[in-house]
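Right after this note come the structures.
Note that chain A is present in both complexes that follow, paired respectively with chain B and with chain C.
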Partner chain A sequence: MPAVSKGDGMRGLAVFISDIRNCKSKEAEIKRINKELANIRSKFKGDKALDGYSKKKYVCKLLFIFLLGHDIDFGHMEAVNLLSSNRYTEKQIGYLFISVLVNSNSELIRLINNGIKNDLASRNPTFMNLALHCIANVGSREMAEAFTADIPKILVAGDTMDSVKQSAALCLLRLNRTSPDLVPMGEWTSRVVHLLNDQHLGVVTAATSLITTLAQKNPEEFKMSVSLAVSRLSRIVTSASTDLQDYTYYFVPAPWLSVKLLRLLQCYPPPEEGAVRGRLTECLETILNKAQEPPKSKKVQHSNAKNAVLFEAISLIIHHDSEPNLLVRACNQLGQFLQHRETNLRYLALESMCTLASSEFSHEAVKTHIETVINALKTERDVSVRQRAVDLLYAMCDRSNAQQIVAEMLNYLETADYSIREEIVLKVAILAEKYAVDYTWYVDTILNLIRIAGDYVSEEVWYRVIQIVINRDDVQGYSAKTVFEALQAPACHENLVKVGGYILGEFGNLIAGDPRSSPLIQFNLLHSKFHLCSVPTRALLLSTYIKFVNLFPEIKATIQDVLRSDSQLRNADVELQQRAVEYLRLSCIASTDILATVLEEMPPFPERESSILTKLKKKKGPGKVPDMEETKKERNSDMNGSTEPVSVNSSAVTMSTPSTSTDLLGLGLAPVLNSVAPASAGGSLLVDVFSDNSPAVASLAPTAEENFSSPRIGSADVVSDDPAAAVHDADELVNKFVCKNNGVLFENQLMQIGLKSEFRQNLGRMYIFYGNKTSTQFLSFSTAVICQDALKTHILLHLFCITKQVDPAVDGGAQVQQILNIECVSDFMEAPILNIQFRYGGALQNMSVKLPVTLNKFFQPTEMTSQDFFQRWKQLSIPQQEVQKIFKAKHPMDTEVTKAKIIGFGVALLDMVDPNPSNFTGAGVIHTKNIQVGCLLRLEPNTQAQMYRLTLRTSRETVSQRLCELLSEQF
Partner chain B sequence: MIKSILIFNNHGKPRLIRFYQFFPEDMQQQIIRETFHLVSKRDDSVCNFLEGGSLIGGSDYKLIYRHYATLYFVFCVDSCESELGILDLIQVFVETLDKCFENVCELDLIFHVDKVHYILQQVVMGGMVLETNMNEIVAQVENQNRLEKSEGGLSAAPARAVSAVKNMNLPEIPRNINIGDINIKVPNLSPFV
Partner chain C sequence: MMHFMLLFSRQGKLRLQKWFIAIGEREKKKIIREMTQSVLARQPKTCNFMDWKDLKIVYKRYASLYICCGMEDQDNELLTIEIMHRYVELLDKYFGNVCELDIIFNFEKAYFILDEFLMGGEVQETSKLSVSKCIEESDLMQETMEEYLSKPTF
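Coming up: the complex of A and B.
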């Protein structure tokens, strides 16, 4: 019987695969797979013990099903049994299954570890290799804990087989990557370094990888690897192509090892010791020379391998950046590759040249290739190559060739791939600004950008052009004239309308003398675009109009007519309506003097790094820039205000009582005007917390609201790797705020942090007050909000700050304020962490506090009748939807206090719902951007036992659990 | 470091997937789809490198791939790897497969998933290059075959299964496609599931 089943067994696999293949539809395939899964499951669960062979067969089938994209949630146990078997074939399949279908079930890991331990101790090299492979492929922390002590011993033991040494080296490397804290450094390090001298090139390759990673972290400890690596490299480079036998690949001696050694050397500066240095230079020269020799083979593999070494050598030369001679030779070599017929080489040459361009020795040499690169941009068929060409042009740009490069990039932009347009736009904008000698050229370039690729021009770009125009009076008249002309195109991009509206509002008077651009013509031109624009742009145009009232009193009546029209005064959009009403009142009531003061020309912006640059850097990550909330002035109705992303508030001006208006306007000067400049401030102060790095850090250096300086106080760099390290009594603080929104969050001898927060639906706003309790100034004051990985996708934090503080110093006794905008995207568990840093008396203070942003903050209370309540309660009857907790009262059981807490929690307190009057029932809806989760709760106090029973039912398991955790801590 | 190795056919059907960094299963499938989408629309004359898709980490990672007859071999690597080195590594891997299976074809990958994984394990371990010497790799595989034979000739069964399918389902005579140096025999099958 077994003999037959063995023979047929693998046919069973083949038949299954053929069956799948013959399925005519996806449904049929899924059906067949489910049938097979059910079969396997029953076989595994069956009473009859399976022999190893059948297990192997079924595990193979599971692997195949997994490959087709189906979840496999069983079979791990059988795999563990297989890997513990003494038969090689079974063991091997067991390990394979575990490595491919990693499962973090700890019980399972314990069993696997057991098997691994036995195999490592078996002294059977095949088994040892399988075990090491499994550790390296899974690389979990549990495994690291179990084996970090053993593996170095295996690696450096004298009697270990070469193939096992190789595996052990890479295994150690993997564990060092996943759990660096667990891998002990120590006496074995020097013996590892000496593996570079090993006879077996496979061992040397693996050891080099290991040493490179370790050396990046502990350069000092592995310093002696430099001389060993150089001598090894030298031996390889100078060897005849037959010396290394099997490690010669298409006539190139040990190319992978050479590449690895060259990488290792890039961890260090040029060797100090003269002899080593000389030998290395010799090696590099030899490699460069070899590139000029005729190829030993026509095969592409030969040139690939040779060039792999060459490119790595060039990287090392660029990294050392110390031998002008080598740098220039490298540059020439890359120049040759730029015109090579192999696309791969052109791609790599462009890429390497990018780094070469930043070296002062070779920058000029790189520049000589400009024509070739421009040509590549025009003629390459491959978008990845074109992208590299754009990168290189950007890198080689300087004052001497900026005009040419920018012109070429603009040219290319007209036909560029959509995927890289935004990046090109940013690059052009940066280069144009950086190398502008003549700012009229800059203005022309940006307007061209908007014309060619308006959709790809991000907010930052047009904010920046406005900042520059405002700051340079030599270009204002020209700008006004140019935008005026550009606006005359029958169809112009909305971004152009924005720039045009802003600039004419500020400097329209400079061209009003020309009858072709008289005030009325300017106004009519702008207003002709008005109806085609989106709300934010219209809001901006309304501000332009009120500025026109000041600039051109002669068209005041026309503008008032427009403002007065129903389409403005009764606009459905609350922001537009408000502006229209307020501006109209302002124009009617205020005297010319007041108007002139209120609507004065914008003051120059403080100089600072371009926000576009920040944006470009960010673009390199996958982070999306969320719709940004604009800098809003505070006002009473903030939360009732708009929720649309761009709402430019002008409402600090309350016109109800004319007598106070002068005063108000005096103070409100900035708000009104700034509202026009929505804000460059917004653009840069809001920080994208979706950046790729975790933990995400959004920095919020205190800066003035009028001041556009960017939040670069370096907090992102300083925040420790482990953000939770010094979190103050984390949960306790959060619990304190579960049922209330205001209060003192944190206090020590130095400072007090107070909070005021408001939440509405899925949005929230938190005012954070930092009080300096000392009499000494805090310097370099910066704060950052850190979201843990998992949290990042669930809540968005838009941060910005308002404070009168321009520099990051907080005076003794002073208080600064920040605002944090919060958007809940989906339900979440963890709270974000606020990190604060400052210098006090020379010492750097660093503290972290959990911010009380909890899921229940996004509750909207729901009133319902008893009947409704019970009907819904019954609908939520799946076991996972209900969470119940019985707990002891921590506070006196006062009915009124309990009621207040439930209301504070966010739900509506429903009277007369529960038949038992001493019970509490509540209902509410959690609002997140993605979903809304209805929630019913019931709290039953038992005063005799001093206990509560809390029951929650929501449509989402996670929500039920989280809310239960939060609320049960409150009583 | 190599972050993942994906082999799929011209229709995007995965034939081997290996991740050296943890991704949940559904994410793995999404990455395969995204990668296939990125790679398959490129014609064969363009370069073999491109920036990684957004799921796998965007421009910090490169996709380095080769297209052999019906199969794409895609390695997703970080900036610590040499592009040309990886390209040659793919070649070594495929040449080894070719030696071990004698004219490897897509079917071999399907019916011998375990063996292909084993060969790959000899080349790449935990995301790092383990061995580049083809003879050494082949020796390891032969060693494995010997072990299997000594345990009861099980390995013969899959071979029989393959030859059965190969002979059974071939509507036309296999044709040879010459790619680079290796001849990969590609049975002219209708698209395989």
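Coming up: the complex of A and C.
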């Protein structure tokens, strides 16, 4: 029997719950539940109309069953009926059931919305609250559509009760998070800001959350909130602990509100107005001072609440990053916490210091705690805390302490928890690379990594060491020697075999002079590991062997014997078999010259962001949002698919890069290899390739050459049935128009398409001219604009194109014109496609061209001072907001041309902003219907290396990425 | 913003689940399983925080019950502990020295109380007085609804 039953007890429910609790087995429980479900079903279906109480009771039972983890497929209708009850508790149960169980079943949603609408209009505060809670709990799009217009009104209406205002504020917040495009900004926004002055602290608490979220998206519109928040905060901080009555929590005045206000202030740079700024500094100082006072209570709640405010204040100080005095005080305070007996405080201090380490004012101060942090790594009993210590060591690392920190991390790795090993491996690899003065140290470190934690060394890490060794000739001999020695160990990790195989295959000759590492010894050493390795590694070793054939002709026969053995030539694995056959054949028929060309040393890898860093970012970055993942993937494939001409130097490269690894080694050749493999899988074809008398290179090459050598002008000559496929690689056309608005878009023997366009804010107009170059009439001439993404449910690209249709017949030599209106609703990646069809001489012509509507067209330039620029730059310091690309100059590096291009890109070119006069900086705002995105860019040319570094910072990750992609193609 | 709050017993039995994000049932069950397993596996005297995917898990034990919240990275951890404490205080005030059985048999009340305190993953009302006043008023309302309705609304 129930221990307690308060308020309106439902006896039947209590009995049912205790029955369930008394069930001895899962089966008994299921049986009891099924019995109950049958009972409820018959009651709901019965002829007799149920009274409200019974309906409530049964709905509540269903809810209980659902919460136990069982499926419920009926009762929704009864729950919706309860909404219209006049009895509060019945209504309440109805809403609870809906909040917990309803998915977006549209039929039902309409009925629910109806109930909500009635309650919102009832002017009864408790009913209104229930309705608002339900909207916030379900938060579906349909609800947002139905209520986003009403809720702001309720929120700012003068006669709304305080408790309803609180609910309305948070309800609006929820809708803004789920469907931001539906929440209209408007006249109410300024009134919302003034809720910060409300007398009721509960209202202020709820409103602050809403304002913070809105301010993150539209900082300009909510600028007012800064001074209001500061004065509110100042009143709280200076109040005596009894002033705020029930809002004082264990002697701490309004900790929740304080923290929320401090968070709101983190949406903005330090206040510009002197008085406000002074008052805020005073507040922060007071908070820091209070930390030194003796506690007012011994209860942990008191210290938690007090320190919660303190940590949030420190976050704000770090965010502002402008008051050296406060920063150093914050660092000292955190230093005290590092040794605190409370584990929670040690954890948070480590975490907070991590961000502090990146500030130039406090980096040195943080470094003084290095011994304490290393000690934490060794002695902390809690893995969460140790992980924070690793993070902090990573953050405080610089050239001066890199060797010590890397050594300590390697040390720790031997005993580290399995859950964090991979991350430590990545961090060590990055630090070792970043701060390597001496690359022999780098190579040693990575080999150590593989030795200690081989299983956790991901592909990125060993790819990277190979990239570096290949690009730096001063370290190649040393690397060959070191891997050779490391391979001597009787049991070495497979990753070491991979690195060793690759490096010896490239640079084994550098150590072959030493009789202890003669060619044959090298080969035997590698081959002794062969049979213990997995298929990809064996494939790589086979490539090493063929490279050996070139490096060491004296052991060619030995290698051929190995390749010829049944275990290779008839291997069950297609990849291995193919390699064995091809390599054997190659070694037999190719002359020394051809071998030397095909098996030439790998060319240097193009400089680009370390793939390890990308991986670490990915690990840390928000991986939840699906489209983020997608953009990431896109970006990756872009990086890998970079068609750098370097990689084409000879198709031989494919030889030394097994298909499993090509991808990361980044030559963009993976698709080629892959496309060869399946085709040749059916044995006879495979032989054909080589039985051809022409040299092997040639027969392997065509695919590669086709892909890379001739720069096809987009899809200029497309006459294809499949528009999407035809325009696939037409980005070059779009790139041509990134920095200009007029020109010839497309031309072939039949027609020419010219463009003239103008853009203002989020609107644009494009004049398209179609010229018939022939003397014959085009018939059934029609055009259509296709927005690829608009079809997807999750709309990314919103271009409304209103096309005036053109005459279906276009005379020979004539020109027709079309106007396209464009509205940018939110940021987008893809360009729309213009599809043109007509009949010419009886044949249907179908062509598609990408229209150069790119995100940067919606820029409005913004002039700003150097100080403003760097302040904003700092504000956009979240890693995802920044995108950086380093790339080779494709055109002569002319300052004036570059300037013109940047202006053409749409931003204001800011003179005298960058301390280095040869750098370019620009600023602008992207206008879309839903949002405006401020954007800062910096282009650093390096004329010696003929390289550029382009950095973009905007408040949206996707925007930063897209703009970077677009602009980097221009130089 | 809080993504979810879970209450479960030392045996891993879920007593209350509150989700502030839209998420499918299967995914919920997966999270619940992972949370109960990893929180129950934590050693004593460790800190109250764990990293989990891109969320920060803050948990605390009250007698036989664990409360566990999934928070976003920038949320304040210490204050999250106090959110859980304040919730327990509210339950205490309502039930009078709350125990696990109270929450089992009056689960709907536990949800109502939480709704008064948190909304959309944010703290709505921190005053204990205000929250418990709301709850008590609604308890009274059952009996006096007819009278209430006949009164002029404010």
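Convention: the second predicted complex is superposed on the first by the 610 of 971 C-alpha atoms of A that agree within 3 Å, B and C clash if a C-alpha of one lies under 4 Å from a C-alpha of the other, contacts with A are read in each partner's own complex, and residues count from 1 in each chain.
Going forward, a contact is a pair of C-beta atoms (placed from the backbone, for glycine too) under 8 Å apart; a residue touches a chain by one contact, two chains touch by 3 or more.
The structure presented is a predicted model; accordingly, all values stated were derived computationally and were not measured.
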Chain B and chain C placed together on chain A: clash or fit? clash
Requested in this report: Answer with first, second, both or neither: which of chain B and chain C does A:V102 touch in the superposed model?
Outcome: first
**OP:** Pick one for A:E29: touches chain B only (first), chain C only (second), both, or neither.
**Re:** first
For A:R381, decide between first (touching chain B), second (touching chain C), both and neither. both
### Query
Which partner does A:R263 contact after superposing on A: first (chain B), second (chain C), both, neither?
both
Which partner does A:S567 contact after superposing on A: first (chain B), second (chain C), both, neither? neither
Q.
Once chain A of both complexes is superposed, is A:Q884 in touch with chain B (first), chain C (second), both, or neither?
A. neither
Applying the touch criterion given at the start, work out whether A:L63 contacts chain B, chain C, both or neither, answering first, second, both or neither.
-> both
May I ask you to decide whether A:M161 touches chain B, chain C, both, or neither, giving the answer as first, second, both or neither? second
Message = Contact-wise, after the overlay, does A:R11 reach chain B, chain C, both or neither (first, second, both, neither)?
response = first
The shared contact residues of chain A with chain B and chain C are 6-7, 14, 17-18, 21, 60, 63-64, 67, 69, 87-89, 92-93, 96, 100, 126, 132-133, 136-137, 139, 163, 166-167, 170-171, 173-174, 177, 201-202, 205-206, 209, 246-247, 249, 255-257, 259-260, 263, 301, 304-305, 307-308, 311-312, 343-344, 346-348, 381-382, 384-385, 387, 620-622
The residues of chain A that touch chain C in their complex are 2-8, 14, 17-18, 21, 60, 63-64, 67, 69, 86-89, 92-93, 96, 100, 122-126, 132-133, 136-137, 139-140, 161, 163, 166-167, 170-171, 173-174, 177-178, 201-202, 205-206, 209, 246-247, 249, 254-257, 259-260, 263, 301, 304-305, 307-308, 311-312, 315, 343-344, 346-348, 381-385, 387, 620-624
Given the complex, residues on chain A that touch chain B span 6-7, 9-11, 13-14, 17-18, 20-23, 29, 53, 56, 60, 63-64, 66-69, 71-72, 87-89, 92-93, 96, 100, 102, 126, 132-133, 136-137, 139, 163, 166-167, 170-171, 173-174, 177, 201-202, 205-206, 209, 212, 246-247, 249, 255-257, 259-260, 263, 299-301, 304-305, 307-308, 311-312, 343-344, 346-348, 381-382, 384-385, 387, 620-622, 692
Counting only contacts in the complex, chain B reaches chain A at residues 1, 13-18, 20, 22, 25-26, 29, 32, 42, 45-51, 54, 57-60, 80, 82-85, 87-89, 91-92, 110-111, 113-114, 117-118, 121, 125-136, 140, 143-144, 147-148, 151-152, 154-155, 157-158, 160-162, 164-165, 169, 180-181, 192-193
The residues of chain C that touch chain A in their complex are 1, 14, 17, 20, 22, 29, 43, 45-51, 53-54, 74, 76-79, 81-82, 85-86, 94-95, 99, 101-102, 104-109, 111-112, 115, 119-130, 134, 137-139, 141-142, 145, 149, 153-154
